[in-house]
Every structure is written in structure tokens, then in C-alpha cells.
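Here chain A shows up in two complexes: once beside chain B, once beside chain C.
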Partner chain A sequence: MRIPSLRRFYDLIFVSICVIAFILAMIPLAWILIEIIINGISAFSIQLLTNLPRPAGVPGGGIANYIQGTIILVAIASLIGFPFGLFIGVFLSEFKEHKLVPIVRFFVDVFAEFPSIVIGIFVYVILVRGEIFELFGVQSICIGAICLGPMGFSALAGSISLALLMIPIVSKSVEESLNLVPVSIKEAALALGMSRWRTVFSISISYARTGILLAYILALSRIAGEAAPLLLTVLGSYYWFSGLFDRIGALPLAIFTYGISPFEDLRAQAWVASLLLILAILFLNIGLKILIRRRFAW
Partner chain B sequence: MDAILSVRNLNAWYGEKQVLYDINLDIPRYHITAIIGPSGCGKTTFLRCLNRLHELGQGNKVKGEVYFNGKNFKGNIYDPKVDATEIRRYMGMVFQKPNPFPMLSVYDNVAIGLKINGIKDKKKINEIVMNSLKKAYLLDEVKDSLHKSGASLSGGQQQRLCIARAIAYNPEVLLMDEPTSALDPIATSKIEQLLVELKKEFTIVIVTHNMQQAARIADYTAFMYLGKLIEFAPTEELFETPKNELTERYITGKFG
Partner chain C sequence: MKGDYVFLYILVFLSLFFISIVFLLGFELYQGSSQIFSIYGINFILGSVWDPVKNIYGIAPIIVGSFLTCLIALILAVPISLLVAYFISDLTPAKLKPFVSSLVELLAAVPSVIYGLWGLLVLAPFLRSNVYLPLQKTFYFIPIFQGASTGYGILTAGIILAIMILPTITSIIREAIELLPLQIKEAAISLGAFRYQVARIIFIHLKLTIIAAIILGFARAFGEAMAVAMVIGGKHGFPVSIFDTGYTLPSIIVNEFTEAVNPLHYDALIAVGFILFIIALLNIVFARLLIYRSTRFFKLSIT
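Right, the complex of A and B next:
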């Protein structure tokens, strides 16, 4: 049958609008990418990856400690945040009839939309300045020889604030992945005499493992680029990592402090830091995803 | 009659809706009992009450008794002191749609039931897995793909894999929910032959849509209608001289 020419015309208009909108939206994105790649590569040198920062104007400075710092912060945040996110996700998906589920879901949804700087200020007040101890009317709490007091600006406080950002992202995606596990698979396990918990942990999670790992990567790439909560919790450092309770550097902090500095050489380093961060996130999102899909698909 | 399961006054609900009414039935040991009836008559629910799977659905409820006269368990499986997980280990279940675990290999699909039941000896597991696959007439077809995913097999092979999984941990009763409804005639006939073979070792309860299937393989047949058990008799008797008018009308195809 011939399609009436008027309908073809409408079709053409609609498709053109979509294409134009796409191109307009891509221009700034492509621009950012190109700008970062050009500036990043032109300022790149191996010593940047191996040396500690030096004052502006002194040659040979690097951003190695920021790279190390970001890796450490993200790793500790994962250790804290991922298990919490996983368990909350399991609870939301597998125990739907539980009274607490609507309340937990509400908090997870709210938390997921929270501005990260608010999480930062929260951790700053509670842990960095240690107002949690004031609640109990003490300066610090001692258990045997271990004393906990206000943390000050520290790697641990920074990791905790990143973990708080990570929890709702992980738990929502874990919940969604577990919801995709067919009932027939769970029933097969239950009919074999598996307990409910064992069904969740050895069948459902294993079935949904691709989705769960992708959830983790999504959360990682979100927190790796966060600067706002770190400004309030770790403040940054020019030295190597020296302990959980010491200040630590991080790539987003380097971008922030160097990017607005008046010195040409420091601004160039900010471009390299941006490039590294973007490459890391691209690697996580594209490389690892392909790897996981291949390795864990059945 | 030596009954392995004696169902007494069994009632079941989906939320507020009652789907089984006062079912009384004795399932004979080492025989095939078929449950037939039109769609929605409660056949599947009845089957899922026998291994306490029905109660897991949100809002579902069961009232009544099911006495299980097994080797390792004697008594009412609905006794509040009884652990439903334990009961399910004495029964194997095969579902309407083949549901092997896709993330596990063919081999592990069968081995998993053994691991749940606490068998750790690798040699013993291997022996039982091979034996179960053989009993399910699947070994010859999968012996080169034991380490491929359970989902890589054809539909009929998947269903036989599910049967191998269900018999591996040596349950006493096999509960089968329309196990051939998703399969073609050749796969169906393979599974029917298999069931006749398996009744030497297991008691089989099979829900089926297909009256010919019941007539072909079942020793006893129960006819259910609107959540009630209408008639239960040796298969020949039920099909040739039904006592209830509803049964007669159903098996002659006047409704259903």
C-alpha cells in the first residue's frame, strides 16, 4: 500500500527534530571530551604519574599522590558501601511483604537524589568535627586502648562520605537486578529444600551477578569523580597516603584546586587529572562491562 | 492400599480466595497418580500443597493435614513443629516449564541438590550425578556438554535435566506439574517412558492437562473440579466406569 505523502512529510519532520536535538545535545559533550583530550595529552608526561606535587613554577611536579588517593578512597568506600548496598537491595527485593520495606525504600530514594555536598557537610559535622561524641557528652569514646575521637579531615571520613553516596545507587540497582530473577528459578531452589536465605545468596544473587557487578561499576564511576563531599571531609594533601586518619589527595580535588589556580603549569596538571579520571570512568563503563558480560554470561 | 501421603481435609487459599475445599486423598506408594481437571480447578495448587510450596506465596494459606509416611519422616507435614525446608528435601518437584539453573552447568544442576543435602564427598557426588542423568535418559545426549550451561540444552533435554535434578537426592515422592505441556510429542513420549521406569523407585504424583497422558501412564487418577476432589479411582475404572456424572462429562469431552 502507498503511504500518503502527508504522512511521509510528518514522519520526516519528526525524525529531523530528533536528529537535530541529538546533534545539539552532543555538541557540548563532544566539546568537553575533545578539550580534555587535547589539553590533557599536550600536558601529559610520565613524571606526572610518578612524582609528588611541587610548588607552582618548580618543574617536575606530579599528581601521583592524587591518583593513589582516589584509588584508596574508592576502595575503602567500596568495602564499606557495597555490602550495605547489597544487603539493602536484597531486603527490598526478597522481603517485599516486610513492614519496613516501604520505609527503607523511601529513604533509599531520597538518599539517591541527595546533593553530594549535603552528605559531605553531614560527615563533616558528625565525624570530622566529631559532634557525634558531643551527643553523648564526651570528647571521645575509648574501648580498651583504642580511642575514637573527632576524625579531623581524613581519608576515612572521605571514604565514609563516598560510601554513603554509593549505598543508594548499589541498593537500587541490586534490587532491580534481583527483581529480574524469574520466580521459577527461586521455586526450583526452594523445592530442592534450600532455605530462603540460601536461595537468595546462592541462587538469586548468582543468577543476577552480571546486573549486580554492573551496579557496582555504576556506583564506582559515580563516586570516583565526586569532589564536593571530599572538600569537606579530606581537604586534600600534597603527600603520599600516610594513614586512614590523615589527609589524603584525590583527583577531583586536584582538578578543583589546580583548575582555579593562577599558575599555568598547575592548570595544565588539572587537565591531565581530568583526562585520567575520564579514562578511568570510560574504562570502568565500557571495558569492564564488556569483560563482565563475556565472563559471566551463560 | 499402602499410602505414602494421606491428605486430610486440605483447604487452601490465594489471599482471600479459597481454591481447595476439603480434599481427602491417599497417594499409593510406588505408583503414578495423575490429577486431571479443567484449568483453574486447583490441580497445581494441590500439588504445591504436598511439598509446602504453596504457602510461600504472599498471602497464601493452607489448612488441613497431609500425613507423610516416609523412610525418614512420619507424620503430618503441616504440624507447626515441622520444618518445611526439611519436608521439601524428601520430595522432588518438576515444573511445567523446564527451569534448570542457567548459571550452573548441566553437571552442577544435578549436583546442587546433593550439596544442599549435605553430601560432600566428590566421588560420591560424581557417581550420583552420572547415575541420575542416566536414569533420566539424558547422559548419552549430554556427556560431552556436562560443563555447558543448563540453559544450553533443548527444551526436552532441559526437562529431563530437571527430572535428574529432582531424583538425584533420592526423594521418596516426585511431584510433577504438567511436565510435558511445554514439549513436543517426541520429548513427551520420552518423558512418559521415563516416568513408568521411575515409579519402581519413586512415588509419582503428576498433574496433567492431557487425559490421554493420564490414561497412558497413571495407575490411579483423581479428577478435580472447582477446587474439590470429585472422584479418585484406579485409572481404568475412572475412565471406563466413572461413578460421578461430572467425571463422565469431563472425560468424554463435554466440558473442560
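Right, the complex of A and C next:
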């Protein structure tokens, strides 16, 4: 039987529109990467990686402190956010029968979609201004000799805002990777008389370690480029890291402030900062994924 | 066993702590902006003048700017992401699928501040000389096409937002297509449907998910701060054409926060954040409920 040719023609048109749509979606990606590579490499020099920033027009300025700042912020954020997210992920996946689970999952899903700037404002209000302490009716909270009061713009406040962004990303992907653990292995462990928490740590998490590591890396690459919450909690700095309660520089903030400045040399440095940031993200996203799959795969 | 109870209680405690953070977020944002609401009342939302020096704060033009940019972003992004989602799930060979879908995910991995830098230094000048000026020359008689165009403004922000929300919408729809019971597609193919007809049937079955994806994309665009702040130009007052500069709720926070002139100005920006939070929250909750509903429907129809 002959198929009417009009439908075949429509089909061809539809498929080609799909292909065109995909190409259209890829143009910005390619364009951004090419611009970053061209502009970043042409402005790159080794002193950028070792020197502190200098005012526009003064040669020899660098972006070293921003690199240091981003690493410190992300590291502290991981210390707070990753265990937190991991435990929530464990709760969502291993205790499915618990009646809190659907509620927690809903909150995690909603929190994951919150605009990052809203979280920045939140941390600004409670920690930078210190209104969390007003809530308890005190000026500051003291544990032994360590006193926490309103922090002002500080590295710690910035790290906490990044940690808050990290929690839902980590817990959702940890939940997914724990769901892939075969029930039979868990049942075997439980049948041998292992307690439940030992099963979670020694069997489930150990089995799903690749997925959990990938969850961490995904969250890391997501928060490394966040600028909006940092702008409201850290504000940026032109000097080296000098303490958790001082302001600190960060690569995304440098890209923003240098990008909107009218000076050609600062804009060139913004491109270099973008190059470093995108290389780090690409490395985390692609390089490490392949590496981990090969190293830890079962 | 005792250890298990302790373990479970730790997990429950952490989860409740997390939930209380979300509530605290809403409460503190409200608390931070309560002064503004008590001074200006409804005029804060309906007023059209934003003048920190004279302490007059009205955000109506900013809300209009926000909705306008998001509308442009959705108009550009939704059709393309539907087609791309279908392209990835049905037209790509199985071997290439991981590669192609990770390309789209890479689009989501680019930090928003880099989109902003690219938009500011590359895209806006390019659009101005190659698209906007020719468009204005041809369509000078249409009101929304008139006015000076610098390359920065509502339309450029909308285009950047479209690029940024495309992977969000695409991945939600793609996942839904892959969850769809195979029988639906098989039935269509066995009746002799061509690919465009199969796609139509898939999209009809995924109506709810598509609506949810669009709303989530809208929420994402609505809350996007850095990229928009860098390309929107920053002008107070209602935008008169799509080439006009303006402000969105997040971008005014970014642009004015570092140079706020007095304590009330900070409070006004927090209040802007509160409004943004409420609108985003409504969208996200609605979309989430839709997604839960539609996936439950499919799980039922599979078994």
C-alpha cells in the first residue's frame, strides 16, 4: 500500500525542525565556550594567578585571592552541607515507610528550586544582620569562650548560604543513588543480624559510593559558580583570606564586578576568571565523572 | 535495636531542622520587610516610583518588568525545549543519547554570572547591531518596537533567560517521555502514525507534566539574578518597548544592594526579596504538586 506522500513530507519537516531546534539550543553553549576560551587565553598570564588585584589601569594585578576565596568558601560549604544533605538523602531512601518522608521530600524538592538570591537575602537577614539572635532575645550566643553575634559580611555567612544551596541537591541525588541499591543485599545484611544503621553505612552507602560521590561533585559544580548569594553575604574583598569572620573574594563575584566595570583590563580579567571557573566546572562535570566511573565501578 | 532508634531520631531531627529552616526563611524575610509594609502598605506593590534618596519605594514597574522578561523567555524557550526533548528521547540513536543529553545538561551547568558576562560583552552588542536596529528599521510603525535600543534591556534579558531555562524544561519533559508507558507509543506506531503524530500523542499524554515544566521554568527565570542584572540595563519606570531597559525583582536587589543609601533602602530590598519569594514559592509548589500528580497517574497506569 502506498503511503500518502503529504504525511511523509510533514514527517520530514517535523524531524528537521527538531534537529534545527537542537542546533539552535547548542549555538549559545558553543558560542559562550568559544568566547571564554578566546578572550580568556588572550588575556591570560601567570601573574594573574599569583598576584593580588590592583586598581584599573595599574599593570600587574591578579585574581589569585579570588581563586583562594572560592576554594575556601566551597570547602566550608561542603563541610556543612554535604553531611546534612547525605543524612536527609539516607532518611528519604532508607526509611520510606516513615510518615515524615513525603513531607521532607516535598520540602527538599521545593527548596531545590528556590531562587538562590532569596537564600542570599535569608542568610543576610539572619546572620549578617544577626536577626536570628533577636529571635532568641539575645545579642549573641556563647558556647564556652566562643561567641557568635551578628557576623557582618563574612566568609562564614557566605559558606552557610552555599551550604544551604547544596543540601537539596545532595540529598536528592543521594536518595536516587541509594534507591538503586538492590534490596536483596540489604535484606541479606539484616538477616545476618546486622543493625539497621550498620546496614545503611556498611552496605547501602558503600554500595552506592559512586553515586554519592557524583552527587557531591554535582553539588560542588553547582555552588562553585553561584554569585548572587555571595554578593549579599560576602560582598567581596581585594585581599587574601584573613579569617572566617572577614570578607573574602570569590571568582563569581570578581566576574560580576569586573564585568560591569568600564575598564578594558578588568573586563579581560573577568574573562580569565570565567575561563578558570568554567574549566573547573567542566573538569568536575566530565573529567571526574569518567574517572570515578572507571575507578569505583562495580 | 537501640542503635537503630538513635539513628532514626538523628535523621528525623535533621529533617525537621531542615524543614524549620524553610519556615524560618519565610518568617525572617517577612520580618525583615514588615517595616516597609507597615509604612507603605499596598503602595509598595502598586506604586510606580522607586526613589531611595527620597525614600519612596514602589515596585509596580519592577514586577511588570519581571513578568515581561519571563514571558519573553517562555515564548522563546518552550517550543524549542519541547522539540529538543522529543529529539533526545526519540530521534537520537541509543548510543548517542548520553552524549546529547549531557550537552543539554552542560547548558545548565554554566554559572549564571558567566551567562551575564557573555550577554553583557558579546550578545547585547551583537543583537543591537545585527537584530534590533534592522528590526526597528523595518517595523518602526509598531509601538512596542519603538524607542532607542542600546542592546541592553527587556528583550536581551528574555533571550538570556530563555537559554538558561531551556535545559530545565527539556530535562523534565525528557524524563517524563521516558517514563511514559511504551504501549502508548507502540499503539500509535502500529496504527501507522508518523513521527510528528507520535510526538503529538506523547505531548497530549504529558499535558500536566508540560504545564508543570513550564511553570518551573517560569519560576527559574523569575528568580534569576546575576545574568539579568548584567544585561537589563537598569531603569526605573515602566518599560515602553521590548527594547527598553528596565528592572526585574532579583536584578534590582543585585544592582542596588551593594550601594544602598540608607537602612530603609536595605529594608525595601529585603521586601522585594519577600515578594519574589512568595511568587516563586507559589509557582514551585503548584508545579511540584502537578508533577507528583502526573507521575502517580503514570505509575498507576503501568501496573
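What we mean here is this: the second predicted complex is superposed on the first by the 283 of 298 C-alpha atoms of A that agree within 3 Å, B and C clash if a C-alpha of one lies under 4 Å from a C-alpha of the other, contacts with A are read in each partner's own complex, and residues count from 1 in each chain.
The working rule: a contact is a pair of C-beta atoms (placed from the backbone, for glycine too) under 8 Å apart; a residue touches a chain by one contact, two chains touch by 3 or more.
Bear in mind that the values here come from a model prediction, so they are computed numbers and not experimental data.
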> Which partner does A:195 reach: the first (chain B), the second (chain C), both, or neither?
Replying inline: both
>> After the superposition on A, what does A:206 contact: first (chain B), second (chain C), both or neither?
In response: first
> What is the contact status of A:15 with respect to chain B (first) and chain C (second): first, second, both, or neither?
Replying inline: second
> Of chain B and chain C, which one touches more residues of chain A?
Replying inline: C
>> According to the stated criteria, A:97 is in contact with first (chain B), second (chain C), both, or neither; which is it?
In response: first
> With the two structures laid over each other on chain A, which partner does A:215 touch: chain B (first), chain C (second), both, or neither?
Replying inline: neither
> Given the touch rule stated above, what does A:187 touch, chain B (first), chain C (second), both, or neither?
Replying inline: first
>> If I apply the document's touch criterion, which positions on chain A are contacted by chain B in one structure and by chain C in the other?
In response: 195, 198
>> Can you tell me which positions in chain B touch chain A when the two form their complex?
In response: 51, 53, 56, 58, 85-86, 88-89, 91-93, 95, 97, 99-104, 112-113, 116-117, 149, 151-152, 162, 165-166, 169
>> Quick check on the complex: what are the chain C residues that touch chain A?
In response: 1, 3-4, 6-8, 10-12, 14-16, 18-19, 21-22, 24-25, 28-29, 31-32, 79-81, 83-84, 86-88, 91, 100, 102-104, 106-107, 109-118, 120-122, 163, 166, 170, 192, 194-196, 199, 216, 219-220, 222-226, 230, 250, 253-254, 257-258, 269-270, 273, 276-277, 280-281, 284-285, 287-288
> Mind pulling up the chain A residues that touch chain C in the complex?
Replying inline: 3, 7-8, 10-11, 13-15, 17-19, 21-22, 24-26, 28-29, 31-32, 35-36, 84, 87-88, 90-91, 95, 98, 100, 103-104, 106-111, 113-119, 121-122, 124-126, 129, 131-132, 164, 167, 195-198, 200, 221-222, 224-228, 231-232, 235, 252, 255-256, 259-260, 267, 270-271, 274, 277-278, 281-282, 285-286
>> Residue numbers of chain A touching chain B in their complex, please.
In response: 96-97, 182, 184-185, 187-195, 198, 203, 206-207, 209, 298
